[in-house]
Amino acid sequence: MSETTFSVYQGLGEPVAIGAEVYNQILQHYYTEALLLDNMKLQEWGSMLAEDLVYTVPMRHTLDLASQSKTVIRTVMHMDDNYRSIMGRIMRLCGRSAWAENPPSRIRRFVSNVQVFNTDKSDEFSVINYAMVSRNRFDDDFFDLIPCERHDKLRKVDNGFKLFEREVIIDQALLGTPNLQIFL
Amino acid sequence: MTQKTGRRLADGTAISDLVDLEMREVKLRTLSDREIYDIEQEKIFGKIWLLLGHESEIPNKGDFMQRHMGEDSVIVSRDRKGEVHVMLNVCPHRGMKITTHESGNTNVHTCIYHGWAFKSDGDFLGSPVADQCMHGKMRGKEELGLTKARVTLYGGLVWATWNINGPSLEEFLGDTKWYYDMLYCRSKKGLEVAGPPQRFIIRANWKTAGEQSAADGYHTLTLHRWLGEMGNYSSDEGTQGSELAKEMLGAEVSSPHGHALRCIDLARKIVKLTGKDPSELSVEEKLRALPPPGMTSEMVDDLFETMTPEQLEVMAWMPPQVGGMFPNIIFEFLYLPQPDGTVVGSLALHTYVPKGPDKLEFTNWIFVERDTPPELKEQMIQQSVQLLGTSGMVESDDSDTWPHMTLSAKGAQGRNSTLKYQAIYETGKPEGWPGPGIVNEGFTKDDTQWHWWKYWYELMTAED
Amino acid sequence: MTQKTGRRLADGTAISDLVDLEMREVKLRTLSDREIYDIEQEKIFGKIWLLLGHESEIPNKGDFMQRHMGEDSVIVSRDRKGEVHVMLNVCPHRGMKITTHESGNTNVHTCIYHGWAFKSDGDFLGSPVADQCMHGKMRGKEELGLTKARVTLYGGLVWATWNINGPSLEEFLGDTKWYYDMLYCRSKKGLEVAGPPQRFIIRANWKTAGEQSAADGYHTLTLHRWLGEMGNYSSDEGTQGSELAKEMLGAEVSSPHGHALRCIDLARKIVKLTGKDPSELSVEEKLRALPPPGMTSEMVDDLFETMTPEQLEVMAWMPPQVGGMFPNIIFEFLYLPQPDGTVVGSLALHTYVPKGPDKLEFTNWIFVERDTPPELKEQMIQQSVQLLGTSGMVESDDSDTWPHMTLSAKGAQGRNSTLKYQAIYETGKPEGWPGPGIVNEGFTKDDTQWHWWKYWYELMTAED
Amino acid sequence: MTQKTGRRLADGTAISDLVDLEMREVKLRTLSDREIYDIEQEKIFGKIWLLLGHESEIPNKGDFMQRHMGEDSVIVSRDRKGEVHVMLNVCPHRGMKITTHESGNTNVHTCIYHGWAFKSDGDFLGSPVADQCMHGKMRGKEELGLTKARVTLYGGLVWATWNINGPSLEEFLGDTKWYYDMLYCRSKKGLEVAGPPQRFIIRANWKTAGEQSAADGYHTLTLHRWLGEMGNYSSDEGTQGSELAKEMLGAEVSSPHGHALRCIDLARKIVKLTGKDPSELSVEEKLRALPPPGMTSEMVDDLFETMTPEQLEVMAWMPPQVGGMFPNIIFEFLYLPQPDGTVVGSLALHTYVPKGPDKLEFTNWIFVERDTPPELKEQMIQQSVQLLGTSGMVESDDSDTWPHMTLSAKGAQGRNSTLKYQAIYETGKPEGWPGPGIVNEGFTKDDTQWHWWKYWYELMTAED
Amino acid sequence: MSETTFSVYQGLGEPVAIGAEVYNQILQHYYTEALLLDNMKLQEWGSMLAEDLVYTVPMRHTLDLASQSKTVIRTVMHMDDNYRSIMGRIMRLCGRSAWAENPPSRIRRFVSNVQVFNTDKSDEFSVINYAMVSRNRFDDDFFDLIPCERHDKLRKVDNGFKLFEREVIIDQALLGTPNLQIFL
Amino acid sequence: MSETTFSVYQGLGEPVAIGAEVYNQILQHYYTEALLLDNMKLQEWGSMLAEDLVYTVPMRHTLDLASQSKTVIRTVMHMDDNYRSIMGRIMRLCGRSAWAENPPSRIRRFVSNVQVFNTDKSDEFSVINYAMVSRNRFDDDFFDLIPCERHDKLRKVDNGFKLFEREVIIDQALLGTPNLQIFL
């Protein structure tokens, strides 16, 4: 469809139609990922990551409309990780003393607006998807919300997909949740 | 220190009732009380030097950024002459914010409400429909500019205060400046920010972070215990006897103005790296073997031009690695061992900006040396982001503790509980220590934090 | 005006310290302070006439709607006799709300908690299990009704006050009534609401909206600059010399009670429409060519019965088009040029209901004349919704400014900054102006807003 | 009762101005005012006995749970000797919470901040790096334990107070204990919780729930009208004459300490079940036919060992079924008719924990007898969850009323409206009533709630 | 796909692939259920319930990471209903005097992350799905949020599906909404 | 399926089954629309609108259960636009001085519960869908939420679909976000 010509799709490959087999498999992959993370199965989630993973959460700035392109800050970011560091985080979080997440938050990742694109590699796919992340801790009677747009790259492997790139575009200049000891 | 009672709170309590100078205890109530908070805005954040950023954030003429001094929004701007100004981001006409942007570049700041215009140094330019003189005739243009703060640049760091005729930044830093120079003024080209600061909200009183920053070394063993349980500091000996505890030995510098530095002995690292006993090595050999974080062996050349021999000695022996600057600043100049045995530095500064009695804005600047080689810069930045700030595996445990303390301070019983600073140094300076200030050797104690509270007390009970 | 200091705030400041009568300046602190807000609830919203809506919202006997006077919920009800009553929506028994509905129709209001029942005029009817006399025997039934406010209808608008023996609405409006009559009382059948009011929350102090409503004409050029950048007011001459500025010339009426009206010259519009110099045209010719907004040429007949010759003259020359009514009301009776050269009116009233020191409820009623032809009504309503209120392309820029001002007023420095009203009229009434009140000709100035603050000062410093 | 004025609020109002002892009226302001709330935290929640749970929640040595006394978090812990302790969940070192868990089991509570360790009875154990004596030398270990509250177990219920030398729980309960014994101490094995309490937030002042709990029987007819409109209490006679009203007859017990119980006549139920006139039946026959809720005929044996003949008489005639315990407790021991004509009991206790002037935490414990047969336990629990607490079809209508009352109390007019308690008993004890205390027969009145407020007044105006 | 081996899928049958006819029908069923509930068509919703329905909302506790399995409390729960009691609730809520929901809240149920599984009965399906429930009442300028993970069992019938089991896992230890007189 | 007989579907045509090609295309259309709006590509979004567009956001009232049908107010509305006025809004918002949205809010539109229906015109479709809209501005540490039910009409054109009718049912009587200078 024509929307592939819209500016937001610049640099992306042919879209994989909603309902196509691989689209559905990727959708399932996201539901599985969310269920694992929401239930603190971090090591199992780790098994869905590729060893060449690049995982980042840029900052956002509040700027004049004319400078919208500059509102995503990638010099210093909120998260700036790779496979090794993510695995280190998982080890820490599953240990005895990662107090910032022990007791763990109660988190829910609502995945929607999933769009899949082919790349020049037949086994690799780009995905733009939204996640509404709600987070509750201790006796808070409110939820921290972290709505975000995720730009992912997935690689097809025998038993599913592996994430090898994720950039999470968040929607706050001043982040309202006290830390990112959680995965988005 | 003068014995003043200070203002009285609505329930009759005097500020002086909150701090027990003899017992070195502070009422927990200080961590949640709205009235105390309001007085702090006036007597602390309205009076002393505050850190707003680094000039490398606004390199060009006309560059500006929005920052906060206490709860007041300010514009940090570089004018056409290249000078840095700090002015209240409040329109003198009707109080609209002059800029609603986080940063930008302009030579004329125009208020969007009625169009009053100001120069990049804050001076009033004019108001629309000139012939109508809509800014009136009761005040001259020179009276209609933005309220300006007094500004000092130190090591490229931008400092400002509303206390126009008060002490200079140098007087404020006092003896500790001798040490801060080793951090901010060691290289010829100087430091630069790796990017804009991370900013996020912690639901805690700003002092929970401030008092910890005044060199609370002790919490590392327990709150950051995971470092001893896994990774590069882990050991079989269990936490207390772990590498971690060994890594903490050194000296602590404190100050009557509440500044504090933890100087940690590099000996063990140098042994690891050189296989030699540090006493066999010259100051230069030690500095070349283990350069200050963020510097390479080559860059060490600078030090011999910028530092005194006494400072060099300390830098090669027990350099300041973490500490605070009153009231709401922490610095980290860390030597971090890598799996491959090398050491990579992390340089960071945070401010804890008050946003109400139970909210603070965590602002985290990551630094590199202008001369640091690109690939090392990358390593430093990534390492810093992974350990400090928003997603910092170390600091998230700190910032998650503060809200609990703030909640404790709200209870009718908890508010009368106390913060205790009763672990007292009995050591004094390390033998042959060439530096000034209040210095004590050995395992961390509570003195630096107690001095922080004493200065808080002094400011809060000072006459208006 | 009496020089009273008024109550003292906790930090010792007197209300009178907040307003500098000589310099025409007001401390920004007034826009965020909780104590000041609480005093306003008592001395302003508890004392003067407040606008609650229009009787066409409750046309039938038993109709009622829930509204607010300050933070108090009230029921505006039409009783069995057709009279309009305003009563506190608080049960005299145990404080439950009598109605939790936004509107409805009933002749008996029954409290859901214990079932006490009240007539549509607020009188107590009885309590369940009559034989047990559960409302007790200490007070007579006449003492157990809902607290009633004093009500006045003016042009169908429902006004109420808790000041039962205070000045009448007419006294409150004073000279300005002569002008408001041109808006609310010009047609024989009168105005009607197009529907219920839009209601939305702005995170700002109510006075940021109130002081602007007191005829701040100046901001239009900058805050509403887009009108000059595109659309029907655009021009190549740039903003300041644009059509917009020309459209703003006229006269401003202000009042010792803080009411204000901007009377804008219709000459240019009439020239556009008739091609004739207005001076060549009779009052009637002008009114027929460009009828008051919302009226057709035919409807102009009414005016000759409802208005005096002096009022007609002003309506054909410089009618009030926008302005405020103290403390929290703005009216808009706009002549809006269409692409096809015609003019379509928009009639609206807003109240800015205080919801705490930093929150207000924007209430926007859109009006038409009962006699306005249906298709014109449609046009007016759609145009009004597109320019005013929730999605209003003009007013959203206003309401988005107020929160920034409120934030500015919270800072320890910002709160001591001032709102300035130093652009002073030196003109006086237009030549031959037949109307009463304080009237000044020419480009907008600050007088009307300053008079608004002076009345605020008078009420806030008045003896209880 | 002593006539003290109590503390003065910022606006000059004295606590004594809030309660009109002659007219039996209370200013609505008490339901929203922050200052009044803060004084309550000190003079009520800091002084009297508070209910924290049941010992069956922590059956094993080392078991603990986090609860709240007012806004203070406390740890309820069973030590190694099996004794129950209540201690402030605030670290004496720097105010961190000792536990951030809702419950658990441990013999050593270690603070995660700096590692200070405490025994399960709150005593200080030690601090990490023992040789450094990081807890200092100014205070002995015995001074460094957690702040302990005074604890009393009554019927397995855990009570605590900060008033170490004040009245005993028995003195606090006074005459009403005779009645509470019928609920909490009737069986030999005693009650047990069905599980942890439900906890949810209501945006209302805690007293809206507290004063209702002091036996407001009257609201049932209207607020819970649906019970009369459908289901087991429905009838064609309309609400007021419905089964519901009949079900409400009995006697009310009140207390100078604000406790209250509604004792409801079982006659109609016994007739339904036995077809006999209760007067023909012995106490035992009645108890066997209709055992106390949660008990079976067999279990009734216990009563003859635990209760006096006078208590047995009341339990078979007009047992307490709902009521309050000052300040924030409601109990429900309900006999609920089933479609099949049988009766199933529901046993529950709630506390309304203050969380600020306009927020309360609704805590709902559901109980069964340890001896209740499993399938009956299941029935009781499910029935209780369906009618009470979070999803309770009865209580949701109560808890939804309180926020409206709290909002009413915020308005400048509403705050001066009053809560009225003017329906006064003129009856006295039922003939032959063997129980102590202030007892009145017949249809519910306001006395019990008025006594609640009088005790509130007494505590709030008491000398510190 | 492999995720069926993940711990979060223990005890569940073969997954029904996203895009499969029955998956799509079940998805439609959830959209219909949400639309009915959000528009207060409670009796119509009742017609989608099976008479052997078990409907529960357990409590949550904040516990040490090591005790995560114990954070779902099923002794006393927030809701503990069956077909009869739910029908009783509907009758009450549609009556004149269910004040806690009269006037009714304005509620929206955003359904996502729907995963369907076969069971040993060919006409019965297990479903894990997420619902972000937003609730607004009276003049509140905020929303109560009730993000939750729903574990459902659906039975295929002629004209659609009937719900015969629902367990709703909420994300707060201290529930922030004032009651559950609503259905999740 | 039977739900077409439910009252909430009155007046709507035959449902388009989830998974049908046109359903998937319409779902894609919504994801594209959200991505464009969330990234401030307003003119591109404008190209997806039909010239006979009617775009409205009615008000909501809090009324007795018995009066639920009257809770949607369509006399005066929060938004009352057509193609011309929407294009005017876009022009203004893309200009230099639309201060209410300059700097722009950071907005995310989570689209879910999409249900498609045929109409009597073969190229026109009715759609009921939900959008959870989160909005953040300046340094706010919270999000304004605007959950809503959108009743749309889409017309198939060569390269996709054009929106020619949208009514947005919001869930607040007192709107909590300070303006609607954004599109829902």
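Labels A, B, C, D, E and F are assigned to the chains in the order they are written; within every chain, residues are numbered from 1.
Throughout what follows, a contact is a pair of C-beta atoms (placed from the backbone, for glycine too) under 8 Å apart; a residue touches a chain by one contact, two chains touch by 3 or more.
Quick caveat: nothing in here was measured; it's all calculated off a predicted structure.
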Next on the checklist: Spelling it out: a chain qualifies if it touches chain C and also touches chain E; which chains qualify?
Outcome noted: D, F
Checklist entry - What's the call on chain E versus chain F, same or different interface residues, using the half cut on shared numbers? => result different
Checklist entry - In whole angstrom, what separates the CA-based centres of chain B and chain D? => result 49
Next on the checklist: Centroid from C-alpha atoms only, then distance chain A to chain F, rounded to Å. What do you get?
Outcome noted: 26
Next on the checklist: Quick check on chain D: which residues sit in contact with 2+ other chains?
Outcome noted: 10, 100-101, 112, 199, 201, 223, 401
Checklist outcome for this item: Residue ranges of chain A touching at least 2 other chains are 19, 62-64, 96-99, 101, 103, 110, 112, 132, 138-139, 141, 145, 173-176
Checklist entry - Which chains touch, pair by pair? => result A-B, A-D, A-E, A-F, B-C, B-D, B-F, C-D, C-E, C-F, D-E, E-F
Next on the checklist: Per the contact definition, I'd like the list of chain E residues that touch chain F in the complex.
Outcome noted: 19, 21, 24-25, 27-29, 31-32, 34-36, 38-41, 44, 94, 96, 98, 101-104, 106-112, 132, 134, 136-143, 159-160
Item to check | Contact set on chain C toward chain E in their complex | outcome: 100-101, 112, 201, 359
Next on the checklist: For a test of understanding, state which residues of chain B touch chain D in their complex under the given definition.
Outcome noted: 10, 23-24, 28, 31, 218-219, 221-223, 239-240, 245, 401, 404-405, 407-414, 417-420, 422-424, 443, 445-446
Next on the checklist: Considering only the defined contacts, which chain A positions touch chain B in the complex?
Outcome noted: 57, 59, 61-64, 67, 73, 75-81, 85, 88-89, 91-92, 95-101, 173-181
Item to check | Residues of chain F that touch chain B when the two form their complex | outcome: 97, 99, 103, 138, 141
